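First chain written, first letter: the chains are A, B, C and D, and each begins at residue 1.
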Amino acid sequence: MSDNALPLVISAPEPRTLDLIFTQPQLARLRSKYRIVETTADGVANLPADVLAQARYIVGQPPISPDTLDQMKALRCVFNVETNLINNMPYETLFARGIHVVTTGLVFAEPVAELGLAMALNLARNIVDADLAFRQGRELWGGDGNLTARLLSGADVGIIGFGDLGRALNRLLSGFRTRTKVFDPWLPPSILIDNGVEPASLDAVLSTSDFVFVVASVTSENQGFLGADAFASMRKGAAFILLSRAGVVDFPALMAAVKSGHIVAASDVFPEEPLASDHPVRALPGFLRSAHRAGALDIAFKRMGDMVLEDMDLIDRGLPPLRSKRAERETVSRMRSKPADRN
Amino acid sequence: MSDNALPLVISAPEPRTLDLIFTQPQLARLRSKYRIVETTADGVANLPADVLAQARYIVGQPPISPDTLDQMKALRCVFNVETNLINNMPYETLFARGIHVVTTGLVFAEPVAELGLAMALNLARNIVDADLAFRQGRELWGGDGNLTARLLSGADVGIIGFGDLGRALNRLLSGFRTRTKVFDPWLPPSILIDNGVEPASLDAVLSTSDFVFVVASVTSENQGFLGADAFASMRKGAAFILLSRAGVVDFPALMAAVKSGHIVAASDVFPEEPLASDHPVRALPGFLRSAHRAGALDIAFKRMGDMVLEDMDLIDRGLPPLRSKRAERETVSRMRSKPADRN
Amino acid sequence: MSDNALPLVISAPEPRTLDLIFTQPQLARLRSKYRIVETTADGVANLPADVLAQARYIVGQPPISPDTLDQMKALRCVFNVETNLINNMPYETLFARGIHVVTTGLVFAEPVAELGLAMALNLARNIVDADLAFRQGRELWGGDGNLTARLLSGADVGIIGFGDLGRALNRLLSGFRTRTKVFDPWLPPSILIDNGVEPASLDAVLSTSDFVFVVASVTSENQGFLGADAFASMRKGAAFILLSRAGVVDFPALMAAVKSGHIVAASDVFPEEPLASDHPVRALPGFLRSAHRAGALDIAFKRMGDMVLEDMDLIDRGLPPLRSKRAERETVSRMRSKPADRN
Amino acid sequence: MSDNALPLVISAPEPRTLDLIFTQPQLARLRSKYRIVETTADGVANLPADVLAQARYIVGQPPISPDTLDQMKALRCVFNVETNLINNMPYETLFARGIHVVTTGLVFAEPVAELGLAMALNLARNIVDADLAFRQGRELWGGDGNLTARLLSGADVGIIGFGDLGRALNRLLSGFRTRTKVFDPWLPPSILIDNGVEPASLDAVLSTSDFVFVVASVTSENQGFLGADAFASMRKGAAFILLSRAGVVDFPALMAAVKSGHIVAASDVFPEEPLASDHPVRALPGFLRSAHRAGALDIAFKRMGDMVLEDMDLIDRGLPPLRSKRAERETVSRMRSKPADRN
């Protein structure tokens, strides 16, 4: 087949790059099956008319005006590999025309869930401070070092949000025989039950759990919804693990709850990233910090390439994409998670 | 029933205490069903003849001479709640008479497995040093902080030893879809296969795993069996997690392998405990330290009381004990794990 | 709230009835939350203009003309409770307007999977003929009656089609430690792998399985795709279990393969239903028959009501339906499964 | 090694044969590692003195007198491959000398559990009578044929006895999300809980289950313990599946309960085997019959050879047997299950 006969893909994946999200063999496969036109996000609007007219796929989340979209007669799917949906394209028109908009954020679920579980176990066993004490010759041996130690096995666990990440976390917990309650107002209870967890109110999740994992996206409705009252309602000594976005939490209230000794906490996300060098969370005992490292593993990025290739293959065969997650008409405009400007 | 009609229990559980291993309700139950004679380990030999003659159970691991044993006509079971068998009683005679000797070490399996998993995830994600850097304002954000980060999900895992602890660890791994190889020369391969793991040689476990967990007891045959060659055969960057006894490892060789950067490691056990304040492992980068804290949780000790009560109840009804682990004629004399002198 | 302020639902669920798919408490809940206009499928077109204009939901699969649809300005979702999509409404327009078309066939997955597993075990152990022999005093005792008996545990299993039913079947198999291969050209391989099964070609599924389950829907592309060659490629003595639609199979070829003794088979579906009284499959040894009874359990129908209520609740709150299965633009026109005319 | 230097095995496995329980490669392996002296059960006592003196293992359950045992100085293990322990050897002396007596009945657990599950599904869906009706042209289509149909998924299940067979059954049920209660007075509750089932009284198991599986061995205490009162306490329409031994049931009372329509039942075992040709159970509607075929699969017998070889290997290396099940001093004399006189 002459190269010109190959389906055309516009590539503008920033801040990702094709090399980040495809292994070399995958990239070779991509190039063998498609004609790739690489540009910047802002460059898409200025692509030649024939490129726009022929493009079957976009890899990236470039701004697209209604006029530009109108020219893209062959467009079938936008692969948003940054994964946070922003309001820079006419989603309604895309949906009306049956053009899929998909995100590849599923790849982060497993790495984030692993870090979240690790954080929970660290808080339960105080691993960081115990190692520091050991370095300094002040370690406590045996039971003397375990006065606040707890088990995750058999514990009451609460999960706030049950998308890909909540499910990945629940899967990792499968060997721990926890009693797990989930609050997710966007899901019907029966789906939670089918996943082996108990649907619960936010209050119940907060007040009856030993470990609370927050994995909910920020939406127009839930910014800062976890504040001082929420933390006060938690069990004394319980652990709060924040994995999704700092925006869902009143961060000063969280720090205050930890400082008071009522709860312990861990977070991968912060109100500003990077964080001011004198931010008080840096010195807060009972708080475990991670600098937005939970998902950004090379192995995760490379799985994006798999997903994109698998879904392009389905769409090429006249089938709907199944591997990536589709943006939904109803919820696309409610999303408020800030896109990453780094990988 | 008059108190004297109750079956008699000799209690000499040091270094445990009845209050450590029984909750208050359990202890009340014990006292309501049995007549308890409390003494020290060394005091057992000097108990009155009628106490020795009537004792149905011993809780503890006191030295017992053949003569003393000969007086204990009603003895049915010795509950070793320290859990490391030492050679201070005539085991052959006990077995010949059908007196059970059982240990309650199962209670430690779950807490130790949780710490082991936590250590593996810590090594994979470098959680301790990342938190330290964050405290000091030198944290690396996002992917920049993940250059050596790895996933446990889908990894090759090796487990050396597949007793209660190996099985508990394997259960915790059930949500991680690992490919798990096990070396345990005391078990037939089919039992490993039934547990969903792959029987393997020691060489295969060491050389083809991303994470190696050592959970084997020390025996007369395996002291120091993991040395420089073993560590050299491991994959570059693999993680070695030592959870059972330092005696199975050539500790200086382990430190050298970590120092060279070939592997990373974590350990809950050390050649001497407590450890000299200037021991070089205290300052070794790439090594995560825990001061024999893995199992010694209050919740674990309290489960011992459950086990003892459940097995006493079975034996009282003419049935064999099933909850505690029976010492075996064939292996009792091979055990070399040093008993704990603290809880 | 005055009844007229309630959202309006058009109910035309034939061949179902509201009493079939809702329990009494569910039906009361439906009526308390919505204004229900009950009609026949053919009656929808003739409903008063204000009813059409206000209808938020349709329960059923009535014929809808473009003109009628044009009047239905408030329509948000069509709940197809018959569950086989037929080409009697302008799907493209529905999709373009963002109106969901959903089916509730998931409720049948579990009952059908249970019957399918039962059929497989029946074929493996020859339960029907053994019971008949026992009734007649000709039973064979012990191993004498087990000459062709096989285990499902540890067997090679093949599944053709991996929609809701294939997944339900796979879940039921989870205790059997089977090696399971799946052929489903509409799914990317990674989704199969995530479900713990091995993606495979049709040939591989047929030729290397001890039990082959057919749970694929009939589409415009796969009618009669399992014919004499397919059966000849199966292992001698293997079991073929047909659960979805007779249309995917060359039925005379299947009967011939069973008659020859090459395979055994079971089917819940037949080329005509009801079947001619002299159809040769009625007398075919090695063939287990069920008269399209696999899914039609009252408990399954009642779960439809749950699904409808849960998804209406989500849509009422501005969220997409998640419990029912959405028709897809790409595949809706390929479906060829004949609707049921009975329950 | 000269053949005479090989450890000696006395083989008297009747009613089994070496060819039944070993595959050809296993048998070759047995013969290459051991010197086999084949005899009948009754022939053991008459073996030459040097054979008795050198025998390390016995495969079979021959009668052994105290005198004969006294000559067997090297005996380490008796492998009872019939699997029902009878009182024909001095067990106390065997135990006192540390000679293991093991049974290989575990091999039957999986086949019996599969038939038990199949029976439950057959009763739930009335598969036998539906196929018979289909053969005769009187089948009922769709829901018309499902008036009494039930699901096992999500049902209340009761298991009486939780040895190897109960556990195998519980494993097969793992995909069915049942609520499973177990009655087993020989096990501590915590072991049941660890297996994910709920310890319960016999009354609770009987009166709150939709499916009751009886997998308890006959002992001196439980003969006929399931009688008219037990069946009357069951839920209307519940299914009773008898898999272990007819001796635990009052069989006429079971038939009466089925005949009355109160319950349905299935059984693999009968008061006499073979059964009189005019026994009324042969014609009892609502009763599914199997002629003691549940366990006697060739694949099961062949697994015995694996077990024997694995445990001989362990014992040869000075370790205790782990694969076979050890007879226990406390319970060996209580067993009353009649040995099989056929395979």
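The definition used in the following text is that a residue touches a chain if its C-beta (ideal position, glycine included) is under 8 Å from a C-beta of that chain, and two chains touch if they have at least 3 such contacts.
What you see is a predicted model, and the numbers here were worked out from it, not measured in a lab.
In this assembly, the chain whose C-alpha centre lies farthest from subunit D is A. Computed centre separation for the pair subunit B/subunit C is 51 angstrom, with centres defined by C-alpha atoms. Separating the CA-averaged centres of subunit A and subunit C is a span of 34 Å.
If the chains shown are joined wherever they touch, the resulting network closes on itself as one ring, and no chain has more or fewer than two partners. On the subunit C side of its complex with subunit D, the touching residues are 110-111, 114-115, 117-119, 121-122, 124-125, 127-128, 130-132, 134-137, 139-146, 149-153, 171-176, 273-274, 277, 282-283, 288-293, 296-299, 301, 340, 342-343. Interface residues of subunit C facing subunit A in the complex, by the touch rule stated above, are 95-98, 185-191, 306-307, 310-311, 313-314, 317-320, 322-323, 328-331.
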